[in-house]
Amino acid sequence: MLEISNVSKNFGGLLALSEIDLIIRPGELVSIIGPNGSGKSTLFNVVTGIYRSSSGAIRFNGKDITHMKPYQVTRQGIGRTFQQTAIFSRASVLDNVIIGQRLHTRTAVWGAIFNTRSTRREEAQTREKARQILSFVDLEDKDSQIAGNLTQEVQKRLSIAIALATEPKLLLLDEPTGGVNIREIDGLIELVEKVRKSGISICLIEHKMRMVMSISDRVIALCYGKKIAEGTPKEVASHEQVVKAYLGECYAAPGK
Amino acid sequence: MKTIEKLSSSPWMAWLVLLLIALIVPMAMGGYLITIITIVCIYAIVCIGLNLLFGYTGLLSVGHSAFLGIGAYAFGLIAIKFGLGFWPSFCASIIISGIAGFLIGIPALRLRGHYFVLVTLAFAVIINIVIMAWIELTGGAGGLAGAPRPDPIPLPWGDVIRFHSPLSMYYFILFFLVIIFAVSYRLINSLVGKTFIAIRDDENLTQSLGINTMSNKLVSFTISAIIAGIAGALFASYNTVISPDSAGFMKGMEVVAYIIIGGAGTLAGPLVGPLVMIAIPEMLQIVPEIRGLLFGIILVLFIIFLPRGVAGEVSLLISRIKSQSKHT
Amino acid sequence: MPPISINDTGDRVFVVAELGQYLVNGISQGCLYCLLASGLTLMLGILGVPNFAHGSLYMLGAYIAFYVVMLLNVSYLMSILLAAVILAVLGLVIYRFLFYPMRDAPHANLFVAAIALLMILEGAALLWFGGETKWLILPYSNDIITFGGMSLGVQRLIIILATLMVMLGLELFIKKTAVGAALEATAQNREGAMLCGIKVTQIAAMAFAIGTALAGVAGALIAPAVMILPSMGLGPLLVAFSAVIVGGLGSIPGAVLGAFILALVESLTSGYISATYSLVFVFVAMILMLLIRPRGLFGKEL
């Protein structure tokens, strides 16, 4: 589904990503782990087009998306959330999810000004669909609240809801439990599983090993921008270099 | 308390009352007052357009005087030099303003933040210089004379509406103000408007949702240019003389000031701003020499202490009162 | 007129003198833009403040020179120093009461605040000094030096020399003093500077004051050579901003280079194409730079 081939990213002198190869198959849940600064978020940014890769290619469902702009990548079917919770804090929860559906709506200036039937129909549809998505993530009771006033956990759920509204086939989640207190993590793990069961492939960046171990099909470990291990959660957890990386030492992966 | 709740729960009532006031009261006004409120209406039109761009899409343009000028001069040139009547010239000037907005927007909108603002200023100054220097076309500092008033409108019972008197021009311009207000109201409340607001609040997030922010910004910019162009053409018809002052770049900054003081990102803001900043100094007979200084002081106080402007702070106050009365 | 013309004997003659005149004009004008742009880039780079009122500060410098020399019989040299000092103090006041309280506001609000400041300063000048043109006449005001077919007013020469000294002084201050080093550090990395114990707020205030002082000096330097009016600062302001963009935000060498490049663009297009449209060419150059290389010549990667 998603093929990342030999992708590197150079920032001036800093090699943030080095010859990354990664494949995500439909229906999989793949986790990416690694110490801070190992290039995990950078990888997401390169895939979604926020950064331009210095070399290599990225294909999604057969299409070359290496040089696509962020909005074009999303239209191909890749959704994402951000490490620093990105929501529209001044808007209501419902409006947040409505905007997430915008790329699938066709209302333009003319229709908006003259309040045509198709415009009204679309507005009703997006409202209805937004409520459905909110009930999927368990936030339907908060639909009229202002997003910025909510707790971190609710905001994380909301950001997932917004990403879901874009109807992705692959969802990139960047630390969906970041800043969330321990009691709430299980709830989020359930939500991610629920998303996966609904047919969306997931690529997850996470630090919380409990989450990674319990739901991942495959785990990939990065260190200083290089892939140092790949396999099932058990394999990677006991991998010598992964342990060393988390303790502070990093070596180049000997082959794959 | 009860009246506030009544008014805010059906804003239609408030707007209707306002419209009735705007229609009826001027009939009792003298020529001088009518002139003032007519100018207020023209600036309110510009402000509605700029509010769409700045208040709702988050793009600060200090150079919108360029489109005022383009609208006015396009209207005047086509009417005077090509001899076309009011309506063909008016429509042509609207189209030309739109094209200008589109063409200027394409390079300008590739930039963000400070750079975008400075480029809008640069374009405004460029247009101002061209207007002043291309004397064969624009008459330079002297301007153009002879812009037409609207054609007389025949009524079903044989009578005719003529647009010679200040009051008739006031109603003509008020008509456009109401239409443009309605258009902006519809846009803001639609998915298009929600997209603009999303771009204003977090452009990167909006892009990540598959929305082509560049084309949305261009639409917002072009619409605001068209609206400013309409105001320019109306001003030209009203004055019948087109002068470069209307396109001076300080005008562009004044319009921004009106929006800030009125309340950026609100529906009432672009109406309140010009009303407060134009009508009140006139009525208090404030000497022109002091006006610049006073203007600056008022603007500074607003931007530090009341950045949401009159309409913004009032609506915040109303929602606070409402949520308090819910608790009691 | 093109730089190449045909003289009486039918030979092509490269009219060096004319080209040279435009270059000389450009350089002396460039000095003023250089002073303005340096201050502007400090304010924009360190403080994130796009100081639209910079031209008004320049205008105040000119008025101070005028009043101090004409009414108080102070020497011209003294007036330049006074302009610098008064504008520096004014800069501190403006920073403390306007831009410091707004440090967390969205950048659009800072723009509006600067515009308001411009209105206040021009309005005040109009009120207190009156709108009639003032002329600062000095004993040597009409003296001109000629060399090789080019002429240069004595005042213009003073401008060039003074700018040289001021910029040299600024460079020494930044590179050789501890405070200057702190200034540079804050400009490059604000958080890093804070972590090092640098009092960023005080540095920011100083940067602002240096910027306003530079504007005051520029105004005092130009005062004997131009009409003194409340609106005299608007044109130079626009060119100075363009110079900052061309050179790159926050970079003083960039501002200097940008200032001279644009001054030459202005001077050469004024001479060879059209004086009225010369400012348009300056802006077109600025717009082109923004489209091709938005960070400017020496700016940081955006």
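Per-chain residue numbering starts at 1, and chain names A, B and C are given in the order in which the chains are listed.
Definition applied: contacts are C-beta pairs under 8 Å (C-beta built on N, C-alpha and C of every residue); 3 or more make two chains touch, one makes a residue touch a chain.
All figures in this text were calculated on a predicted structure; none of them were measured in a lab.
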Notebook entry, point to check: Counting only C-alpha atoms to place each centre, which chain is farthest from subunit A?
Noted result: C
Next item on the list: Select the chain whose centre, defined as the mean of its C-alpha atoms, is least distant from the mean of all protein C-alpha atoms.
Entry: B
Checklist line | Distance from subunit C to subunit A - Cα centre to Cα centre, in angstrom | finding: 48
Notebook entry, point to check: In whole angstrom, what separates the CA-based centres of subunit B and subunit C?
Noted result: 34
Margin query: Using mean CA coordinates as chain centres, what's the gap between subunit A and subunit B in Å?
Written below: 42
Next item on the list: Please name which positions on subunit B make contact with subunit A in the complex.
Entry: 183, 186-187, 190-195, 197-198, 201-202, 204-213, 219, 223
Margin query: With touch defined as at the start, can you tell me which subunit C residues reach subunit B in the complex?
Written below: 44, 50, 98, 101-102, 105, 107-109, 111-113, 115-124, 126-127, 131, 238, 241-242, 245, 249, 274, 276-277, 279-280, 283-284, 286-287, 290-291, 294
Margin query: Going by the contact rule set out above, which residues of subunit A touch subunit B in the complex?
Written below: 48, 50, 69-71, 74-75, 80, 82, 86-91, 95, 98-100, 102-103, 105, 107-109, 111-115, 119, 122-123, 126, 162, 165-166
Note to self: Which stretch or stretches of subunit B touch subunit C in the complex?
What the structure shows: 54, 58, 60, 62, 107, 110-111, 113-115, 117-119, 121-123, 125-126, 129-130, 132-133, 253, 256-257, 260, 289-297, 299-300, 303-304, 307
